[in-house]
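Listed next: structures, encoded as structure tokens.
Note that chain A is present in both complexes that follow, paired respectively with chain B and with chain C.
Coming up: the complex of A and B.
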């Protein structure tokens, strides 16, 4: 799996061709993405919040599953790179008329789209599109099924690095619905690749995959034990539909067992930061006091998300440009 | 992949060029009645020089730095520079008089990129260009106001500032450059 992921995502010189999963990229590439994002952080604070890097490029947001924030931050990132952006809410258009995924793809390619940013409910959708896309067209995975959400994981890594400087020596706890979370899978891969000392997952048994330990994590079913002395707490969003699937008794009980409160937060390292991919269910995953408190970096995650997405969009477009030139020469 | 790189000027000689440049900048600022300029160095060599010039001139405003990676005109040819740094202009540039510092002025494309980037921060009052080395090979109508050295070079020769400690100038002959770590003179 790792090898084929590396082959699809990287060119022969190790440049980023597509960004589909953290798997197979390695510490060097992840660090390059973080460093590139660092370069973009200042752009949002200037008079003109744009750089001309991707002028004349067309980026299509292909969202088969709705997500306002992820789509918006990708759109803003592409616009800050001076690309033109098409937002396609596919679930509401072509597929309902019987058009296949490949037909949709070919039609957009005929419009000379340079990049697809794909969100899909099925695992592997972005891979499929990357395998079938024209030469010169880059693909970024904006979340596929339960599989991966690599830009979310990278913005989380960026947030951690900004606060903790170094990954080595850190203890990180990921709390919540690990089983259904593509975010958690990507985070675990990235944290291990970047060399943190310990990744913990904290969850009820019903929300953990059977093979959790094989991901390279320490498993905790007790919240107090799981977050004790950690440097970073990542709370996952609890999807309300899980309540109906009999995986959890009630929101109230979940909060009493796994909710993050000021009292629990005191068990973590005194400098620990609290993260959440959003949107927060206040009073389910965490107290409002924690969400709005001094240790919460949740809104910074959103800002950093733009810089990370600018980094991967520009790196992929840059590499694809090079390959188009090779063809032309 | 440079072959045949040879030392051209040692730290002491480079520093005396910087002294001369500081004097010329001082004179030019006085002529124009500019008292509190914002000095901005272009990464990487320009920043090394700007730090020394900033100190020597005793400027009040903190030093600014520019990384022009996002403004290069050869992005479509070489892809993303894997070593970008954030640009940092510490004070608003609107109506500000700027002293822009670079190491080697060659094609003029770096300066074109830097000017575009500065204007995305605001509308400066004026910009003075100071370069340690002004070499032949201009491809754009850009001229420096203050220069340390005008070397005579063959078109296939390149001159590079190394540093930051010690500083030095080296001359080499063009060979295939690594496209992953491009230089733009």
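Coming up: the complex of A and C.
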């Protein structure tokens, strides 16, 4: 039956078996991921951008939802670890032929894939796959419905740590569509676990969960108040389809109330950094001056994303390897 | 050739018949398929068979207000024969089936076909509910008079509540013309907005699209107002919120002609059970908070909610083998209806008579059918269970074709030993165990 997030993701010695959600992992594990990623940042800057940690392993990018950035950085991360990578764009193949998710999984397992990196439109999809995957096969969640996007949250934590050194004492504001955002849910869990002093969410009530406070955040509806004196501003992407379904009246009004401008940015701490998971809607979430300005760390987030994904892939494959060796002995 | 009905005496059991305020150790005698007498048998009565019910409870056969039997149209999930056999093993002698079959129960032909199949299976009574609109389309009224003549006991739009309030009003009025009960599963589909979990803390954290409590309370308020306007008798099916239960308490005080039921799983589970994304907990309406669960328990105890049903929804394994939001909602619940209700007695939620009432005379009263009692002269539909025989639910061992239960591994407080339909033994635990 159902197991807790910790039971599903960690082995009996606390090593990472799957990476599905930040929930249940704890500060030590998150710090271990950040430290491991720190060691991988150098790899990208070498002339030969590869380490042989996952040589002979097959990693399948199982994307049921389209994505460019996340899929590409996972692919690069796996390749830099010397793994072989399969890219499967399932939305266009199997499901349209009526194949079930389990059948897709079984077929790939028959090809001896060692890891699934999964993106799916339904919350809980990565959990489902981890619960049904063969022994020795690791699962990494690359985004499931509104639930979690843990590698995005970790690369954001990595970026914050690079700029702010310590999480303790930080004030962080997350601005935008919290309700539909798996990124925000994972960020909130990671920030609170790493011990920041305050997580704020800033949004109109239509883009917030009914009981947002229960997520462990302070709720603001006024952008100026919400970002005042914060050290980190995380802007979320606003999906175009939010203009339908009576969630927002117009992009224009959204930008005038919640868009990040140079003038608004001045309300935050003078050293505040600006982040965005991408892709940016310029003129909707933020001005171009802010996106391209000196406080923006948006492109660094992308680079760090590769290091974080290398860290998580190598940790999961390492744990699964240990367990397979146990079986062999 | 029809077999002659046996004359039976059920000896020494605790007879619990809430409709007659009976709760005592005594004998029960059956002749010609009907209840003959309680206590002393008439002098000339010689039973051809006796059942020793010492240390057992003898109560009216249960009436389940809602069991999806899947036939016709979804026989890969279940059939009338498979589910009625499962029903009697759980002490249920009357099943009420909603019209969301393929084809929909919106003609006398489909109604007749279903009743015929149930009679052929021979386990329990089947009372079909007719569709309130043709093909459940929410726009065109069905031929309700014809449905009633064909044997439908009520009309309902099942899982597709009427969005158009004018159609809802007309449907209530037309049904009331023929004295037909309108059963409503209260859900405002705009507010439920394809959600799959209670909108609250747990769904917020798990990122599951939520169904707000207001999806239920708005629909209850709307249809109570329409019932007052039309004078129709309505029944709310599968309430899930404490707020809707409070509205029902108010309606009862006001003397409104309205009743309600709740699915048994709503009285044991809550939103917290969704942690881990186990699709067996995916139900509609969704499992709400523990406060809602307690509010519903209280309403059942106080007879504000008059019936507990199984809301039985058997599925093939594939229907539950997907990420949570993509799975089909519902629980295979016939065999756990009685034991889970008795568990409420054990937990002090209500006394035994009240619990049995919610499964017998409660639903019978809602449907207006002369069942659910042990009054002499009534059909001898009887359930006998052993209140000392504890057992553990094993999903794979369910008799239902649907093995989808979230109660796998739960300890149940009692086991049905005999079920009689019109005085005929349709289930006996002994035979079942011998067969194994």
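Operating definition for what follows: the second predicted complex is superposed on the first by the 326 of 329 C-alpha atoms of A that agree within 3 Å, B and C clash if a C-alpha of one lies under 4 Å from a C-alpha of the other, contacts with A are read in each partner's own complex, and residues count from 1 in each chain.
What we mean here is this: a residue touches a chain if its C-beta (ideal position, glycine included) is under 8 Å from a C-beta of that chain, and two chains touch if they have at least 3 such contacts.
In this text the structure is predicted, and so the values were computed from the model without any measurement.
Aligning the shared chain A places chain B and chain C next to each other free of steric conflict. In the overlay built on the shared chain, the residue A:292 is in contact with neither chain B nor chain C. In the superposed model, the vertex angle chain B-chain A-chain C (Cα centres) comes to 130 degrees (nearest 10).
When the shared chain is aligned, no partner comes close enough to touch A:229: not chain B, not chain C. In the superposed pair of complexes, A:211 makes contact with chain C only, with no contact to chain B.
After overlaying the two complexes on the shared chain, residue contacts for A:253 are found with neither chain B nor chain C. Once the two complexes are overlaid on the shared chain, A:38 sits against chain B while remaining clear of chain C. In the superposition on chain A, contact is made by A:125 with chain C only, not with chain B.
Our summary of the superposed model lists a minimum C-alpha distance of 27 Å between chain B and chain C. Contact residues of chain B toward chain A in the complex are 67, 69-71, 75-80, 82-88, 94, 116-117, 119-122, 179-180.
By the touch criterion given at the top, residues 1-5, 8, 23, 100-102, 120, 122-125, 127-128, 132, 144-148, 182, 185, 209-212, 214-215 of chain A touch chain C in their complex.
Only residues 13, 15, 32, 35-36, 38-43, 46-48, 50-53, 314-315, 318-319, 321-322, 325 of chain A touch chain B when the two sit together in their complex. Remark: chain C residues 199-201, 204-210, 212, 275-278, 280, 318, 321-326, 408-409 touch chain A in the complex.
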